[in-house]
Amino acid sequence: MTRQSRLWFFLAAATVVAVLLVAAFLALPHFGGGFHPYGDRSVRAALAHRTANAVAAVNFDQRALDTLGEETILFAAVLGAVVLLRQIPGERQEAPRPAQVPAAVRRLGVLLLPVALLVGMYVVAHGQVTPGGGFQGGIVVATALHLLYVAVDYRALERIRPLALYEVGDVAGEAAYIVTGIAAMLAGSAFLANVLPWGTLGTLTSGGTVVVLNAAVGMEVACGVVVLLAMFLDQAVRIEESPGNSAATQGRTGK
Amino acid sequence: MTLLPYLVAGWIFLIGLYGLVTSRNMIHAVGCLSVTQSSTYVLLLAIGYRDGGTAPVYADAPTDARVVDPVVQALTLTDIVVGATVTALLLALIIQLHKRHGTLDPDELSELKG
Amino acid sequence: MRASEGWLVAAAVPLLCLLPVLWYVVRGEPRTRLVAQNLAQLLAAFVLLLSAQGFNRPTYLDLALVLAVLAPAGTLVYARFLGGLPPARIVRWTALAGVPAAVVPLCVAAGPGRQTVKLLVIGALLLAGALVTSAGSQPVTEPDAPSGAPEPPGGDEAAARD
Amino acid sequence: MTDVLIAVALFLVAATATAAVLNREPLRQALVLSFLGLALTLLFTFVQAPDVALSQLAVGSAVTPLMIVLTVGKVRRGSTSREHSIDDDDDDGGEGDVGDAGDAGEEAR
């Protein structure tokens, strides 16, 4: 199919889809309407389990099994990226060059790194009370570590990033989620049922298993994203196809 | 206003697909895919919105507050994280593709195959 | 939850400013785009700060906090791959004028307490991030450095880069 | 007023999405995508979804563009950078470097 004909084919199909979409939108409940049967029920369920953040309650209590599936998707994606982006025969590792970073940027990075880690952990820990949770906080923690790459250089990042440890952390997060689920079964309830004491609404320990699952997800996401970004960074900075005039890019980006 | 968010979601979906269809660079196509994905976020959250509602987070709100739908928010949250991992996996595949074939133009790639 | 219209109107100001910034992100030269992206993050932080107050939800401040922490990281990554940070007076002045203009009234409205501390931390982080990323080759002085922050981003090295 | 904010944010999101698709050079698109992440974050805040806004902020404005930038870096390094003779100048001003990125952009088109 030529480019031209493909475009026309798309435009025709898009017109049909657009018409269907508008027809569907007209039949949807109005934006801002008051009819939310599922929402009302899940809010009631969240409050019954003393979880202040109803979204966290949906994710880690009412739909905990679905979140397990999602976590497994993340796990599989990290695994896939590790396999796809490994060093293959014919490639060699290139020692990353030290980078020259302006002192102001370096100081900012050193100042921000602990603050960012703290913010990330705060977001994970308060997931059941305030907006946030394992997914968001985990990504913030993972991004925070990469401040070291932009503020110092890749070697500094590698020093605080023993990849094997993060891979283990990724697995441990996934495992902790499943173990929590099985523990609920051993306690005589269903898989991933909320069996822990619920506590008082709005406190850090409220929500029962939500707290545990939240932490497990936080750990998996943080470690998984670190591993994921490490694979990409290794490809972009370290791994060379074959002997050649490399290091130019690293030297250039290192400024 | 009753229809605008839905229409915007539809527009983002279609423009993202347009980018995918006409893309001549796989990395650009992945970017377009993440645009297309964001239309689902807009649609889901638009359905869950309630006029005058507030977030279903009771840390700083009374328990009888009028709140928006938490179920769609949880769905969207899942959607975003899965979207990011899909992007990561696709980009990893693209790096492999470029190593093998030295090009990222989908048309050239399909010629190579045939 | 009653929304406070006044704060929301105030939040609309930086939000509307994002529209021209988008133009520069999309159509500017490589240097302009980087500056525009940096500016957009700053403006978005203002919107988040003001709308948190507007919606009467102090917990929404977490968003501004996370943005303040992540924004410099994003800008610096681009700086690395696009090659260098251009000096940006507009980011600097927006930060110098906008951060106090947004944070001080919010602190007054919040009254003493945890919320004020959070607001001040966000303001300090935004200011530090914006000043460093906007420095380019110009010497920079940091007016109200947060307590516990290291010495203001030095002008000596920055000047040496000229 | 909330409705006005939502409408403006919706417009911003739609415009940014269109721009992200029409920017065919990946590095440039990565910048627009991170702007899209910001715009979506604001929209989600206005529709009272701070949880979603937080994850969009982290994913959309940091992680996804970073991965795209790294992929572009890798791909360039694998092919064009070899033809590109990079002047090993030692000045910090990104002048030449930015020009380089721009040139590479022209090439890609």
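The first chain written gets the first letter, and so on, giving A, B, C and D; residue counts start at 1 in each chain.
We adopt the following convention: contacts are C-beta pairs under 8 Å (C-beta built on N, C-alpha and C of every residue); 3 or more make two chains touch, one makes a residue touch a chain.
Just so it is clear, the model here is predicted, and its values are computed rather than measured.
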(request) With contacts defined as at the top, give the pair, B-C or C-D, that has more of them. (result) C-D
(message) Taking the mean of the C-alpha atoms as each chain's centre, how many Å separate chain B from chain C?
(response) 27
(message) What's the distance between the Cα centroids of chain A and chain D, rounded to whole Å?
(response) 19
(message) Measuring centre to centre with CA averages, how many angstrom lie between chain B and chain D?
(response) 15
(request) Specify, in ascending order, the residues of chain A that touch 2 or more different other chains. (result) 53, 55, 102, 123, 130-132, 135-136, 140, 143, 146, 228, 232, 235, 241, 252-253, 255
(request) Scan chain B for residues touching two or more other chains and write them down. (result) 1, 4-5, 18, 46, 48-49, 52, 54-55, 57, 59-60, 67-68, 73, 77, 81, 88, 91, 95, 99
(request) Check each residue of chain D and list the ones that touch at least two other chains. (result) 2, 30, 48-55, 57-59, 62-63, 66-67, 71-74, 78, 92, 94, 97, 100
(request) Examine which chains touch each other and state the graph shape they make (line, ring, star, complete, other). (result) complete
(request) Write out the stretch or stretches of chain D touching chain A in their complex. (result) 49-55, 57-59, 62-63, 66-67, 70-71, 73-74, 76-78, 81-82, 86, 88, 92, 94, 97, 100
(request) Would you tell me which residues of chain D are touching chain C in their complex? (result) 1-2, 4-5, 8-9, 12, 15-16, 19, 23, 27-28, 30-32, 34-35, 38-39, 41-42, 45-46, 48, 50, 53-54, 57-58, 61-62, 65-66, 69, 72-73, 92-98, 100-102, 105
(request) Show which residues of chain C lie in contact with chain D when the two form their complex. (result) 3, 5, 8-9, 11-12, 15-16, 18-19, 22, 25-26, 29-31, 33-34, 37, 40-41, 44, 47-48, 51, 54-55, 57, 59-60, 62-63, 66-67, 70, 73-74, 77-79, 81-86, 137, 161
(message) Using the touch definition from the top, list the residues of chain A that touch chain B in their complex.
(response) 3, 6-7, 10, 14, 17-18, 21-22, 25-26, 28-34, 36, 38-39, 42-43, 46-47, 52-55, 57-59, 63, 66-67, 70, 73-74, 77-78, 80-81, 84-85, 88, 129-131, 135, 201-202, 221, 228, 231-232, 235, 241
(message) Help me check something: in the complex, which residues belonging to chain B touch chain D?
(response) 1, 4-5, 8, 11-12, 15-16, 18-19, 23-25, 27-28, 30-32, 34-35, 38-39, 41-42, 45-46, 48-49, 52-55, 57, 67-68, 73, 76-77, 80-81, 83-84, 87-88, 91, 94-95, 98-99, 102, 104
